[in-house]
Every structure is written in structure tokens, then in C-alpha cells.
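Each of the next two complexes has chain A plus one other chain: chain B in the first, chain C in the second.
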Partner chain A sequence: MKVERGKISGSQLMALLVLTRLVPVTIEFPSVTGINPPQDAWVSSLGATLLSIPVILLMAHLSLKYSDKTIIEYSQLLLGNFFGKIVGFVLVWYWLSVAATMLRSVGDAYTTAIMPETPILAFIITMALLGANAARSGLEVVGRLGEVNMLVVILFVLLTLSLPYKVMSFENLLPVLARGIKPIMLPMGTAISFFVEFIILGMVVPCLNDTGALIRSSLGAVAISGAVMTAFTVVLIAVFGPTLSSLMLPAFSLARMISIGEFLERLEVIPMGAWTITVAITLAFFFWASAVGMAQLFGLRRFQSLVYPLAAISVAFSILFFESFLDLELYFNEVWVAYSLSVTLGITIILYVAALVRGRSSASGKVTRLCRRNR
Partner chain B sequence: MLRSLPRLLGKICSVSKPGGTKNDSVGKPLSKSCPMPKKVKVKEAFIRQAFGNSSDLVVRELHVGPGGKFTVLMVYLDGLVDKAIISENMIERISDRADRCRTPGQAYDDLKNRIIAVSDVKETGNLYDFLNYVARGYCGLVMDDVPKALVADTRGWAQRNIEEPTTEATIRGAKEGFVETLRTNTALLRRRVKHPRLRIEEYDIGTISKTSVAVAYISGLADEKVVQEVRNRLGRINVDSIQESGQVEELIEDAPFSPFPTILRTERPDKVAGALFEGRIAILTDGTPFVLIVPVTLTMFLTTPEDYFERTFIGSALRAIRYLAFFTSLTLPSLYVAVTTFHQEMLPTPLVLNIASQREGVPFPAVVEALLMEVLFEILREAGVRLPKIVGPAVSIIGALVIGEAAMRAGLVSPIMVVVVATTGIASFATPVFSLAIGARLLRFIMLLLAGSLGFFGIVAGLFGLAIHLTSLRSFGVPFMEPIAPILVSEFKDLLARVPWWAMHTRPALVGHEDLVRQGRDQKPGAPDSPSRRLADKKQI
Partner chain C sequence: MSKFIIIFITAFSASTLTGCWNRRELDTLGFVTALGVDRTGESKIEITVHVAKPFAIARATESSVSPEKAFWVVSSTGSTAFEAIRNLLLQSPRRPFYAHNRFIVIGEECARAGVGDILDLFARDGEARRLARVEVVKGSTARQFLEQVEFELERLPSEGGQGISRYVQEGVSAEPVDCTLNSFLRCLEAEGVEPVAVRVEAVPKMPAAPGSVGDLLRDQVKISSKHGGAAVFKGDKLVGWLDERETRGVNWVTGKVRSGILVIDQPNEKGKLVSLEILRAPRAS
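Our next item is the complex of A and B:
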């Protein structure tokens, strides 16, 4: 019984993964680095990208072992019904909480920077509706939207990064690592903790029309989003220098610097448009994953009816979890790293070990056969 | 026999029987439940009762055989038949030649095989069929003592001449458009596709109206599965009447509640022929010049035949302008409202001051002003379509001068808003297909409300919601947004730019995959000694 019948291609998966990374990269990450002086932030971006590659390879490898099952299904296969379901619930919770933080951060960004008088719920509910609407149409639609819009968003990002070329001074980047590697450790952890959201791969693999593309597209996604993140940090440092750490939303501040021929000025709408698209698709992806996961946990035949309730729950979370934008920043600085890393890495490692153990012991022939076939 | 008349008539004339009408709707004749009675008087009584006292029913009695022994009844509907054929090829010949036969059976055979000089003569033993043929313009012949009847194709009625299509004008391209007669329309297609592989399948849809609906496709190019799907969807239609292809469209489309049409309609034979060559399927309906094309994509709605007939750069430029116009007609008023209400900082200061000074004294917020003008424009447009041609210019003068100018003077709207609304209106007329233009017009109001409440965020959210909807649409199995979502690089040849014909090697991949290659790669022209020509000539030798 398949809950999701749609198929997506490798490049669509890559687009989706890149988009899920762009929101943290451009809204959340720069504001939470907290590096002082900020000139080494790009080193931490680069380092985080490189360090997250093995983690993601591990996740991809695990999913490939059970390429016809979602992570919700094979965790029950590996850990037994009870513990497997617990893992499944934790994952659904994790995706919902990621969606909630994303809703909150984009809502806060908009109320802070563009329309301070509009209540934050107007943004949050609109975004959640968009995401849920797309998720209801299935992964196929989400993938196709992602594929096209990634190109649009990357174009927007490149525009934002290149247009303020007049005010960039790359001397701001020097000296590199003046205080050693220690101050960038925590920011690096934060960056990695965003990358591990890729555990959503476990839901997508059965829907890939070519499972061989999994490794290629997830590594491609890491490369693209890592490059964007590093370029973004470099440009921010070049434009703002040491004042960077005091900016709440550097992307907006960057877009304000744009002025084309004294006709188009203060193009905050560029990052805003890009964020709206990105967040909506990312939300759709996470809502889809949690709805499908939920449907599989309870043995439902359709996931569509779960999407709107789950979206409503994450809207409620986004309001209840945080009191203010500062609260959100605090969460990212102090809670998020430990939470995200322990959930995703913990589950991946537990499942991987279980798969190895089960694969070796001949007692569970079913799993062994599965492993062999997929190898 | 005569006593069973009411019961039999009940069988013939009951058209809304749920069980009996199912077969009927796909064009198969009813079962042999109404056999032909033997006596000619009974037959006449049946026929006259079936049509009631219709004044256009003509029943002419002729006498054939030695001494006029046998009676032949000639039945037709006046106005549906060609009187010249009736009198010259039937009446004249029957009364001249049909006096040698001895038995009614012989007379019947003589009539069928030798005497009636009409190209298509059919035989039927079923009264129900017989009546249906007569209702369609055939001339029916019944005889005493023969339980069969002859129907001769004498159809001929007044029809509109083939004219230039009024709703889809082009500068370059064929000037002929479809008319209301199905047969003429299929002929127009045949003249453009002179190959036996062009298949035309006809069905009768509508239990009372019995409208002929034809499915045309090129066998070997169109996907047989899609053709079957079209047949299935047409087959499950069970309504009493079809008057226009729009009704067929609504009964077979994929997304009945979408503001966007997922079936393309056109009255240009060249457009339909072009679609057939790509492997698409046309659905022609009798009684309307509008022909449906499936499966289609959104980009096809923004395409005109001219794009393909003009030189490639011109064609591509025209298409780019049309895309821009479509986008403008969808978003320009909402962009204006968003910028002036929420994001004044985006504009250069002089322009902002200019707008502000113009808007001074306007009592409404920009969004109300825009809605007011848009509604006014829509009313004017609708009135312009409905009005007789003589009054039309008067309305445009009133609309343009009195309302536009006076509303500005009265301080109800700002001049720049008039500019915005007028631009939007003109842009919406640049959309070649009316049904898509209407969709965009309706969505424009939603976009306006979103922009008025949430600014740019509202516009982006609205556009993205639209993108979600469009991406989830399908037209007979083909993604509606192809080749944009999913991205199909091979189809970019016909998206924004239209590549030259010599480079259009393949048909659209998702539609014409049965026979993908359209032409060879050696079609690039050039002077006699240019490399491409040399290559092509070498291949030909």
C-alpha cells in the first residue's frame, strides 16, 4: 500500500534539497552566527559544508539499503514495531518543528523589515496555506515547483549578491582565523545542524524514479547550498565588515544597498519574493513528509487529509514556541544545535547500526534479503 | 396492428430512458426493438405520429410498377434536404423508370440499385433508425410489403460561407475559418492533411439533440492511449443536448473548477492541423465553428499560428510580447497598488511625489480606486461585445472620453490609475485565446485584493498559489505547465523563442512520442556553396 504514488527525478530532488537549505542560509544562519569578529564566518560556512558531506552520505546510504521503503517504514522493520514507531513520531515531530521555526522566522523577518504593522499571523497563515496546498497535490507537484523555482531563486540570490558591487571591500575578509579555530566551532555546528535536515531523504527515496541519482543529487544539493552560503557570507562581510554582527536581517540590509541607475532602489522585494517562494516550497516538502509519515504510522491509505491539520499544528507551534524574534535567535544559538543534531544524527546512527546488525545476523532473513537485493 | 401503435410509438419516441439511452449516446443504433411494419399505411401512420404535426415533414406518395400498383412513400424534412437532388435524382427517375418490376421486392431492389441516383443510399430495417435518418436530412423511402426502408443522403441546407475567423485574426496565415457544418470542417482538415492516416471518428452525443461530434487525429502520431481516453470521456457523456463545443469541453475536461481552460478551442483550421501534426487530437462539434484540441499546455494558449509563419526572430519577439502582456494583464494593477500603498521607497523620489500630487484629492485608497476602474472597464468591455456594431463606437466614446476624462476631472480617480487600467485592458486583449484572457481577468481582481492587503508579499503569494494550481493541472495526461514544470529542455525550442523550422527536428516529447522525429537534420537552407547545403546535397545523392 503506497501512500504517495508520484515520482520525482534526481534533479527535482536536488532542487528541493537546495531550497530547504536556502532559508536557513539567508534568514537564520547569518543572524545567529554570533561570531565576533564576523570576518571568519565564511570559513565556518565552508567548513560546515565539508563536514556535513559524510553525515549526508551516511543518511543516503542508509536510505538506499531500503530503497523501496520510507524511513518510517524501515525503522519499524529494523527496531521492531514499538521503537520503530517512536522513531517515526520523533521524526514527524522534528519536521513539524522545523516547519514551525521556518514559519516563525520568515514571519518575523517580514514584520521586522517590511510591514511592521501587519500582524505576524497574516504572514504565517498565508505561507502555511501555500505550503499545505502544494503538499496536498503530492510530491510530484512539489518537485516540479521546486525545480523551476530553484532557478528563479538562485537568480534572485545572484542578483542580490552581485548588484551591491560598488560597496564591497574585500579587505574586510582579512585576517583569516586571527583568533584560531575555536570561535567558529559553534557557528559551524549550527550550520551543520541545518544540513542534517536532509534526513528527509528517507521519505523521498521510494518516490525517486532513479534511486541511483540519490547520492549525486544530495551531494549536488550540498555543494550548491554550501556555495551559496559561503558566497553569501563573503559578500556580507565584504559589504558590512565588522558591523555585520549587529544586523538582524543581513539579507535585507544587503538588498537595500542595491541601486540601479537611480531608478530602481531599495529592492527589498527581491529577497522577499525569493523567501516567499523558497519557504512555501520548503514548507510543502516538510508538510508532505510529516503527512506521509503520519499516514504510514497509522496505516492510512491517503495522506492528503492530514496535510491541513498538520499545517495548522505547525502554525500553532510557530506562535507558541517563541515569544519574539530575539527568542527565536536564542533558540537557534542555544537549543537548535543540540536538538537537531541529536534527533537526526541519533536516529541515523541507531538505524544504521541496527541495519548492520540485522544484516549480519541470519535470523531475520527478510531484512538480509532486502539488503542483498539493494546492494 | 394499429392497436399496438401507442406502445410502439412509446418505444420509439422515449428518448430519456436511462437504460436505453446509454448505447445511443455513442452513436450505436438502438436494438431492433422497433421493426419495420409491413403495410405502407401503418408505416405512414407511424411516421406522421412520430413527428407529430410538424409542418416541415413532407410525405410524398409515388406509384411504381406496372400500372402504378405499388405505393412508395417518400419522407423528408423540408429545409434539411437539397430539393434539386430530390426532384431530379429521385422523383424524376422513379416515375420514369420504375414501371417494369413485377413484385414489391423487385421494385425495392430496383430502386436501391439502379434507379435512385444519389451517391449514398443506405438500407434499414429499423423504424427508429429510419426516423433518425430522416431527422438528419436524409430522404426516406418505404414501400408496401417490404419490411425494409431506403434512406438516401440528400442533405443540403443553407450554411455560412467560409470566412476569416473573427475571434482569431492574424496578419499572416490562412484566412479561412471553420463554419457551423461538421462536414465542411472535416473537409477543411482533410485539405490540410492529405493522408489516409488522418482518422475522423464520429459520434452522436445528446439524447435529443443528437449532435455529431467528430474526433480527428493522425494515426501513428497521436498516442493511441490518449485517443482511447478521448473516446471514453466522450462516451460517458449522457446529456440531452449539446449546442456548442463549450459544453463538450465542460463535460470532458480534467479540472472542472479551474479558472484556466485545459482544452484549447480555436476556429482556425491551420491551428488544428498544426496540432494534429504534433500528435494532438481535435474534437469537432457540429453546429459550432469552435474546435477543441487536446492535450494542451499553458504555452499553447499564448501561441498563434503566426508565430510559426513569420520569420523566426519576429515570431519569437511577438511571442515574448504576448507573454509580457499576459503577465501585465494579470498583475499590473496589483503592482501599482502594492508600490503606492506599501513600498513607496522603491520608486525614485520624483515619481513618488508626482503620484502623490496626482492622488491628492482622490477620496479612496489606491486599491478601491483600482477596483472601481477595473470593474468599470469590464462593464465597458462586456457592453462593447454585446452592442450592435452601429452603436459600438458611441459606447467607446462615452467610455473613453466621458467616464475616463470626467472621472479624473471629478477627482474620483487619479490620471495614473487611468493609465494603469487602460494598459492592463489593452494587454489583456493581446492574449490570443479568449478563455485564458477571461481567467486572467478574474484572477486580476484576486491579485488586487491581495496586493491591497499584503503588498508585494500578497502578490508573490498569489502568484505562487497560482503556480501550485497550474503545476497540479493535467490535460489528458500531459502536465499543463510542461515544459516549465517539469522542466523539459528539449521542448524549450518552442517556449519563449521559436527556433527556425529547419531546426524543429522533433515533435513535442510528451505528445508526439509515438513518432518523435518530425524531419531530418539536413533542412538548414543556404547558398549553393554553404556548408549546410553541401552536407544536405551530399546526403540526397
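Our next item is the complex of A and C:
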């Protein structure tokens, strides 16, 4: 019994993962990492990209062992019904909470940047509707959306990065690691904890039309988004120098610095377009994953009816979790690392160990057969 | 049925999505083109702004000459810069809009007392841009400077100032420093670098012979300004001035010189001078 029958290609998966990672990059990175001195932000993003490669590889490898099952299904297979369902609920909760933080980020970004008097719910609900509507149409639609729009977002990002060339001075990048490696450890952890959102690929593997592409596309996603993130931090430091840490929305402030020949100015709309596109598609992706996960946990035949309720829940979360934008930044600075890393890494490692133990005690085929009989 | 729903949704959105909360009509805004900061007695902060008068500019292009000033100068005070700016609303029928502000002019006394807390507002505010230039008035207050200074060739003083500071970017002259709010704050924040702002002075013009009528019908420009040299800060406090030659030295050191004139003694003839034009100077990023 399959809840999701759609198939997507490796490049579509890659696009979705890149967009997922670009949400914080285009909105509040690197301020969310709370890095001090900010000159080292680019070192920390480069380091985070490199360090997250083995983590993502581990996740992909685990999913490949059970390539016809989602992470929700094989966690029940590996840990038994009870513990497997707990893991499943934790994952669905995690995706919903990530969706809530994204909603809140984009809502706060809009209200902070241009429309301070508009109620934040106006943006949050619009975004959630956009995402949920796409998610209801299934993974194929979301995948195609991602594939088409990733190029648009990358174009937007490149424009934002290259147009303020006049105000960049690269001596701001120096000194590198003036206070040693210690102050960048936590920011690096924050950056990694955004990468581990890629655990969502555990939901996509059975829907890939070529499972062999999984490793390639997830690593490609890490490389592309890591490169974009590092380039972003380099440019931000070159433009703003040490004042970078006082910016709430670095990408937006960067676009405000564009002034070419006194007519190509006021291009704030570029990063705002990037926010809207990345958040809407990523939300669709996460709503889809939580709805499918939920449907599999409860043995439902369709996930579509769960999308709108889950989206509504995450809208409520996004309002209830955080009091203000500062609260959100504080959450990213202090709580998010521990939360995200422990959930995703914890689950991956537990499942991996369980898979190794099971694999040793009995042929994995036997386990699968057993499990099928259990159904 | 579904067609009905689609039509309903379209009609509903069309009637509700006509605008947003933060809509601001163009004719309710007063565009601030230059802004001055002073400290007055009782530790108050005084803000002086130039607000462009669009109708005066439009009238001028219609009939080629208009005696009306194209801008309005207004000041207000408050305990903080933000309060002073908000107090402007009491006098201005159009809401001052700061996104097109080109200059932040600081009076000398205010600069000596420190400007960090004032500039912080413009760095964080959603409207103001960090591309505004920071200038310090030598020997006067920003209010006096903004009230008096005009340029013969431009209707708006901020346009005149913009024209002069463009030379630095284009590399025609090497003497003034190029200092935007962003670079000022960057230097303020960084260790080992101190900020340098543009030095401006009011320059009195010779009064015209009585009775002569020039092409300009509007009031004769009595005081114009000169942008050159630099105001040197230590931390956020003004500590001294650099003249044009010294400022060119600063620009050499920071790698900003692209062109300009060097006047040197002629080597083989005493008492004569040679001017050299700098054509290609190595540029730091």
C-alpha cells in the first residue's frame, strides 16, 4: 500500500534540498549563527559544508539500504512497532517545527523589512496556503516546482551577490580566525544543523525513479547550497565588515546597497522574491513529508486530507513558539543546534546501528519478509 | 460547481487584495534629500532636513525659471535622534520619507561630542539607506549649513552635493574622501581603522553688483559649499581636520586614488611648478 505514487528524478530531489537549505541563507544567515567576530563567518560556513558531507552521506546510505521504504516505514521495521512509531512521530514533529520556523522567518522578514504595520499572520497564512496547496498535489508537482524555481532563486542570489561590487572591500575578510577556532564552533554547529534538515530525503527515496542518483543528488545539494552560502558570507563580510552582526536581514540589506550608475537601485525586491519562492516550495516539501509520514504512521490510504490540518498546525506553531523576531534569532542561536542535531543525528545513528545489528542477526531479506507478514 | 468556486475566489481576492496595510501614496510623502544633525543645549538633538518640493521643481521645468526654492528646510528637536525625526511630523503635512536621503550632515560641535548613537538610527532604520554620505560641517552647525547653502547650478542642494561627490567615485579628483554611512560604520566598528568623513564648509559668495539681473531670477546664491578635505574621527568623536593635500594622502594610503593632479617643483628650473595628472593608480579593492 503506497501513500505516494509519484516519482521524481534525482535532479528534482537535489533542487528541493538546495531550496531547503537556501531558506535560512537568503533570510537571516549568518546573523542567526550569532558569530563573533563576524569576519570568520565564511570560515564557519565552509567548515559546516565540509563537516555535513559525512552526515548527509550517512543518511543517504541508511535510506539506500531500504530503498523501497520511507524512513517512517523502515524505522518501524528496525525498532519494532512501538519505538518505530515514536521515531516517526518525532520526525513528523521535527518537520512541522521546521516548517513553523520557516513560516515565522519569512513572516518576520516581511514585516521587519518593508511592512511593519501589517499583521504577520497575513504573510504566514498566505505562505502556508501556497505551500499546502502544492503539497496536496503530491511530490511530483513539488519536485517540478523545485527544479524550475531553483534556477530562478540561484539567479536572484547571484544578482544580489554580484551587483553591489562597488561597495565590497575584501580586506574586511582579514584577519582570518583572529580569535582562534573556538568562537566559530557554535556557529558552525548552527550551520550544520540546517544541513541536517536533509533527513527529509528519507521520505523521498522510495519515490526516486533512480535510487542510484540519491547519493549524487544529495551531495550535489550540499555542494551547491554550501557554495552559495559561503559566497554569500564572503560578500556580506566584504560589504558590511564588522557591522554585519547587527543586521537582522543580511541579504536584504545587501540588496539595498546596490547602486549602479544611480539608476539601477532599490532592488530589494530580488531577495524578497527569493524568500517567497524558497519558502513556499520548501514548505510544500515539508508539509508533504509530514503528511505522508503521518498517513503511514496511522495506516491511512491517502495523505492529501492531512496536508491542510498539518499546515494549520504549523501556522499556529509559528505564532506560538516565538514572541518576536529577536526571539526567533535567539532560538536559532541557542536552542536550534541542540534540537536539530540531536533529533536528526540521534535518529540516523540509532537506525543505522539497528540496521547493522539486524543485518548481522538475519538476512535483511528475511526481516523484510517477516515484516510484510506482520502487516 | 468548481467553476463557481473559482469565480468566487477570484472575485473575493480581487475585492480584498487591493492594497496592503503599509500603502503610502506618493503625494503623502515628503522626500528628504539631505539631513543634518546637531546637538543643542540641554542635551537635545536637533534634526534639520531638506524636503524636496515636487511642485516647485515641476513648475520650474514648465516655465524654465521659477523664483520658488525647490526645497523646504525644517528643523525639530528631541531627546534622541528618533524623537527629533518623529517631531518633524508636527510641522510637516507630508510624511518625511528617508529612503532617498543622500547626505547626513553633522555639525562640528555634535561631531566632537560623538555621533555613534545618532548614526546607529540610520544604520538600523528600515527606510534610510546606508549609501547616504556622511559629512561634517567645519566651523558651523548643520542647521546653519543646510539653511544657507545652495548651488548656482542645481535647484536642489543635495543634487549639487551629489554632483561634487561623484567626482571622487569617477576618479576625477583625489582630494575629498568618499564616505558613505556604510563605510563610516564599518571603520567605526573595525579594530585598527578609524572613520574619516567628508569635510564641508560654507563658502560665502561675492555679492553681485546692485541692480544687475542675472539669468537666475531666484534669490542670489549667497553661500555655497565646498566639499574637500576630511574630518578625522577617533571612535565616534571628531578629533581634527585634514586639508585637501592630506586627504589625498589618506586616499593614496587606502588605495582610493584613481586620478587627480599632483603639483611638484620643476626639477631643473627653480621656482617653477609642474602639474602632473594621475592617469593610472594601483587600486586596492
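We adopt the following convention: the second predicted complex is superposed on the first by the 360 of 375 C-alpha atoms of A that agree within 3 Å, B and C clash if a C-alpha of one lies under 4 Å from a C-alpha of the other, contacts with A are read in each partner's own complex, and residues count from 1 in each chain.
One rule holds for everything that comes next: contacts are C-beta pairs under 8 Å (C-beta built on N, C-alpha and C of every residue); 3 or more make two chains touch, one makes a residue touch a chain.
Quantities reported herein were computed from a predicted structural model and do not represent experimental measurements.
When both complexes are overlaid on chain A, the residue A:225 reaches neither chain B nor chain C. By the touch criterion defined above, A:172 lies against chain C but remains apart from chain B after alignment on the C-alpha atoms of chain A.
In the overlay built on the shared chain, the residue A:253 is in contact with chain C alone; chain B does not reach it. In the superposed model, A:112 makes contact with chain C only, not with chain B.
Touch criterion met: A:141 reaches chain B, while chain C stays clear of it. Contact with chain C, but none with chain B, is seen for A:241 once the two complexes are overlaid on the shared chain.
In the superposed model, more residues of chain A are touched by B than by the other of chain B and chain C. The residues of chain A shared by its contacts with chain B and with chain C are 114-115, 118, 122, 266. Across the complex, chain A meets chain B through its residues 9, 11-12, 110, 114-115, 118, 122-123, 126-127, 130, 133-134, 137-138, 141, 143-145, 147-149, 262-269, 272-273, 276-277, 280.
Taken together, the chain C residues at the contact with chain A in this complex read 20-22, 99, 123-124, 126, 129-131, 180, 182-183, 185-186, 189-191, 284-285.
Within the complex, the chain A residues that touch chain C are 112-119, 122, 167-172, 239-243, 246, 253, 256-257, 259, 266.
The residues of chain B lying in touch with chain A in their complex are 342-343, 345-348, 453-458, 460-461, 464-465, 467-468, 471-472, 479, 481, 484-487.
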